[in-house]
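Per-chain numbering from 1; labels A, B, C, D, E, F, G and H assigned in written order.
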């Protein structure tokens, strides 16, 4: 009754237009579509697409040829065929700071996205403010970064504390870590948007990819300065 | 069509039962009822009732005789006729810490309630974590208290920071300070309930009175120890 | 593309600072990390960490050596290697009162946490106010406690009733028991925060651990009095 | 550009159909429409309509002739021209029980509606469960009623307590009394819907009128039995 | 570390006090507890308890002796050992009306509860207002009932339509039927609470049991009239 | 410090592009801007702009010259300078049906917008389903319309009932009429979106203007057919 | 204890009354009922019913005879036995436009429903506004349609962009595509209802079926014009 | 009963620490406190503080000496005594783009904050996507900016459209413009957080000040590059 060719209309011009290539959010897409898609962007294809939220069990089901064509990371759930060349330290360094180990999947989604775009990162995990010395101990190193990405769930107090301690751009990603009123990350999101520290930029819950893209937009400015 | 005698049934036995006398929450009550009520509990009546959320303009409309019988404080919006005798330092001291000056009406509602119950307080205002040195500067003094009440709106990050720095009971009161997603205090409330610092007790938004009562329950334990 | 050493930065100084050692919330952490963690804190290690929200099926998958090193309780879902010595009756007793049998997992999380910290508890389950005689029958015994923890879902009316009957600190934990508008525990939480009984302290939904920590903060005050 | 005759299409057949005449909810209607409407249903007109949520200042603005034709009550904000004849004790008695004096406007809306429909009521105000003796003291009298209407704001615990103590129909009306999470009455509503006492019927927030109509439906059954 | 006798404190006096025996909500209880409980209330035990929300797969796991002692109905998910004797038509008849077949599990929970309590019911399913003739066709029969229970999900418009057509008590149960904004039943609940038909009593989402208990409270009044 | 010329960039090409000219939503705009704007689009200017949500008190403050250049209607709160010529019955007729008199401001906003666009309407007010005969009585006339706009607050049951009775397009506008859970119109909105009648199109709360524009889009189709 | 004949009362007169036959929403119905139902409406039965939200795994479990009698499409999850004859291009064409490939299940539910009702569609997928050229490229073709259905999740910005570019009726269906604040489709729904483009009609989340029915109502008008 | 000196503890070290001086959010502060504060930071005082959300009527009440010491702008509601020197074009230019004239107060709060910090801005108002040509017409100029701030209410579709067209950092500020589901700005906020364009940074509702601070953090990076 209908034509089901299912052709996906990629925005391949996006990279030229805004400096960021298209990405595929895999959650909720059926296996067949993903398999076909991944077959087209393997390493060596010369076309850059980042696959995010790709579950390990889905990647494992991919044909050998597809799997071999990708650098897949199960913690961040990202797969990269072709990536950007490393831009080096001078292009800017991003510090990714987290409150607890449960935030790791977001931390690493951000870090992997930046690596794919050619930027360098340094990770500072487990810096939750209930043990304030952990932030303070890392502060001198964090301050060397050009951009700070903060990932935190629960009350996300880390964003405000850091925002009051560093002068560079602070990008805050609420994580869906917690239970009760914190479950789903809504409290962390609202807390970050309400931060008393001035100039904290906020992203959707668990959106490490988005914060990394924003960091790339900012660092490109630095490059062009 | 109906009998409108409007007799209010006070729970005067409450003090004997739980150590806390009844209080009257004035918001939303009509002037006539409040005037009659206040007339019955003036200084010298020997009966203790605390009036909370009593607006200055309402108190000003009271007859001279009523006004003279009360210690009224416009910032905390509380009126006290008869109060408990000062229990002294040994009964315990409560530190009331706030994030910003807009939290003052809650800070003072808590402090006035404690004074009315005979307990001593020390205030530490403007300790928001965007300027972390303000907490740290006051920390040695705050640590001397037996109980800490934290009042904060917006992201309420101060509760988590303090909760990780002091060992005594921490009672957290979210305030309705802020706008956008913070308006009404719901974000501060959720943030405090989600605190990563262990053992933070939380109260309803702007409920300085409730936190003071909880502090009194705790200090009575100390006295009885 | 990145270093995945995944070192977890523990706040081992927390116990010295606030009297409460760090705890690990296991929900949402991957098996490998938990297994490594649990391997480091077995009985005899001399280091105290409480594992909460540890599902029975996860504990069962642990290596024999790990399982043997822990006292695991499936109802409360907690595991303890090294615990604090029993502080005795004089350090204070906590009554844990619940509305119904479905609240048991929270009741026992609170009780286990207190036992781990060295404090004694007495349990009073099934005291829901639809059968008011059950509270009244237990009241003389409940009144002997130094702190009362109330666990209730649905409308959580038990918190208000108890709060009006006992003079000691009342710590209220809403539980995620119920369906329809009660599901998830949000109604119980809001009900407890709105309690007409003065001075009820509230915790996040199902947070028996948090209430136990608050009780420990309070009882330490008694000890130090 | 359009015909503004504004004719209101009354459902005058409602009384014959369901035993309850139409009522006019005045909130949000403009003064001119209300004045015209009230002019048509004054005492002696032979037509019965109840006006609810009619503010005192609105009634005061009505022409003398209209005001004289109504029994207006400022507390319940209701106006009645023609009412039903008193049906006497045998038709059934409704107990209206409230938690606090702030619930009075709902208590009296229910009582006035019942009086208008010809039923008798008995009021039991200030029975909040923080002072449980107040319910217990009134229980023998409350138990004599055929139907109980409970009006409560905040945590609305009174509904559950009463629901577990009386065997007759219990109609629960949440009131918009309270602040913070209780403001607007949403917590009381959810609490009543979640009541652990079986068979509690619930109405919209502040809807004393609706509960009275339900009581009338029930009592008509008794009459017809 | 603790005593796990897990004794459940039943409110066996409830029947004498309010005419309704205790019920066990099975959802969320562990199998072992349910098995022990059900073993105590089999047919012939002389003790009446209704088990609600008991899944078929759970009942199937029960020992043969337990299964034989119960009348179990998989649609309503209820199990009854000992039930009340049939009170006959004179005790009153309850019409249970639903909007669609998906509401059946609630319809039958209500009907089974009433049968267990000794009351008779008549079912009128699939009367959704999108085909108004279905209500109208059944109206003469529905009007013969003493109480009407309406079960509907989605927009729950049936409650308002019926409420304007019958004069007896109308008990409305929102069902968790629907998707998008209707999912979970919140829209049906709010719609019923907002009904423009006067005197509609509302219950928690899917709470057929509660509506049946309320009907029993009402019919007892008829009996006693 | 900045240029405040405040030039407003109108989308005057909108009419050519989509057949609907731009409109000005006046709520929240300051008086000076509105006065300048209205001065530019008076009758005779040849430019068509509809002003919506223009309060009577604001219009009254306008200079005489502006007021004289507009057809202002206080009920719908709309002002029209230049309008479209009447397209006659053949262009299609829109029935605007409402549940109660409080919905009038939305009914008339829709009707005025249609008149401005040149389309004819017929109004059927007070057709709430609690008195079902009112819909049924008007049904033959309503069925003659080409498009039906339904305006209702509270439970908005009228939309479902009408949607099951007429075959033409049904456009449903929830109104902010009601209190408690109905206040603000959110319940009516959710109810209309959940309607069991197929093919009901829904608009934002109180958006009579939007429904009228949709009707115009539909009728243009008829004209072009 | 009760009669379980489970007869479903179909509204077979609906087609005559409003031009749209009844449909069966399969989600949440048990397999046995669905199997019986589907057995009655196979191709050749002469009776038209559309089955929506029928999962592939459920259809696969159907007996061979039932499966053979239906045209089942796993992407749209719809099954059709008897359908309406093709009405041809002259009856009108509907453009179904989507933002991304994840919206496909809604796009195809709409398209299949229209095909079943005899109307023709053209699909324009992957037109998300982050790559605006994709809309612009397709615009000339989209403008040829008589009605446009827009399916979009996340921020649903496509609805506003298209609404400002085409003059025909625009029917907007929010999809449950996205995560964090977008999850469940609530953001897309609110965004579409708030669209700044005039006259956008909105449907429940994922309700492609409803939008198709509304398109059919509109096209019937064209036919009758 | 307490010391009311009300000393405000300013974080004057903030500028040195993070490059942004402290600001005073005036909403909700009492007149006396504001008057004292403003007296301390007049032009010539050498101390920089920005006053935001300062209502015109409040500023008008200030003593002549205070008013003379400030540059007050009623549209943005900001007052500046001492400001930063103009950093010139080379320090970077910020484009502030808005959807409609009602967003002006946020647009100008952002622009004034940037001017105060020494940065230059260019404004592009009324670029709502319902008339897409307005964005497109301004695009060449917007692309010259180093940072883009987008202010939009309602569905906030402009953020996604712009985010797909420019490569520089995009800072999105939802505004509280709209009614019904859009009122308060929550829909715009959720829409911006869900944007399909990659790397959009979001701020609290109406928080033009915050976006300006983030732009300053970013531009400082450019300066330091």
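Keep this in mind: a residue touches a chain if its C-beta (ideal position, glycine included) is under 8 Å from a C-beta of that chain, and two chains touch if they have at least 3 such contacts.
Note that this is a predicted model, so its numbers are computed, not measured.
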* Of the pairs F-G, F-H or B-C, which one shares over half of its contact pairs with A-C? -> F-H
* Structure fact -> Between F-H and D-E, more C-beta pairs in contact link D-E
* To do: Using mean C-alpha positions as chain centres, tell me how far chain B is from chain H in Å, no decimals.
  => 35
* Between chain D and chain A, distance of the C-alpha-averaged centres to the nearest whole Å -> 56
* Asked: From the C-alpha centre of chain D to that of chain G, how far is it in Å?
  -> 45
* Structure fact -> Shared-interface residues of chain G (touching two or more other chains) are 14, 128, 130-131, 163-165, 180-182, 186, 189, 193-194, 197-198, 204
* To do: Could you please write down every pair of chains that are in touch?
  => A-B, A-C, A-G, A-H, B-C, B-D, B-H, C-D, C-E, D-E, D-F, E-F, E-G, F-G, F-H, G-H
* In the complex formed with chain D, which residues of chain B make contact? -> 1-4, 6-11, 13-14, 25, 27-29, 33, 53, 174, 176, 185-186, 189, 204-207
* Structure fact -> The residues of chain H that touch chain F in their complex are 71, 73, 75, 101-102, 104, 108, 111-112, 115, 121, 123, 125-128, 130-131, 133-134, 177, 179-182
* To do: Could you pull out which chain H residues touch chain G in their complex?
  => 99-100, 128-132, 154-157, 159-161, 163-165, 178, 180-182, 186-188, 190-198
* Structure fact -> Per the touch rule above, chain G residues touching chain F in the complex are 14, 17-20, 23, 146-147, 163-171, 189, 193-194, 197-204, 209-218, 220-223, 225
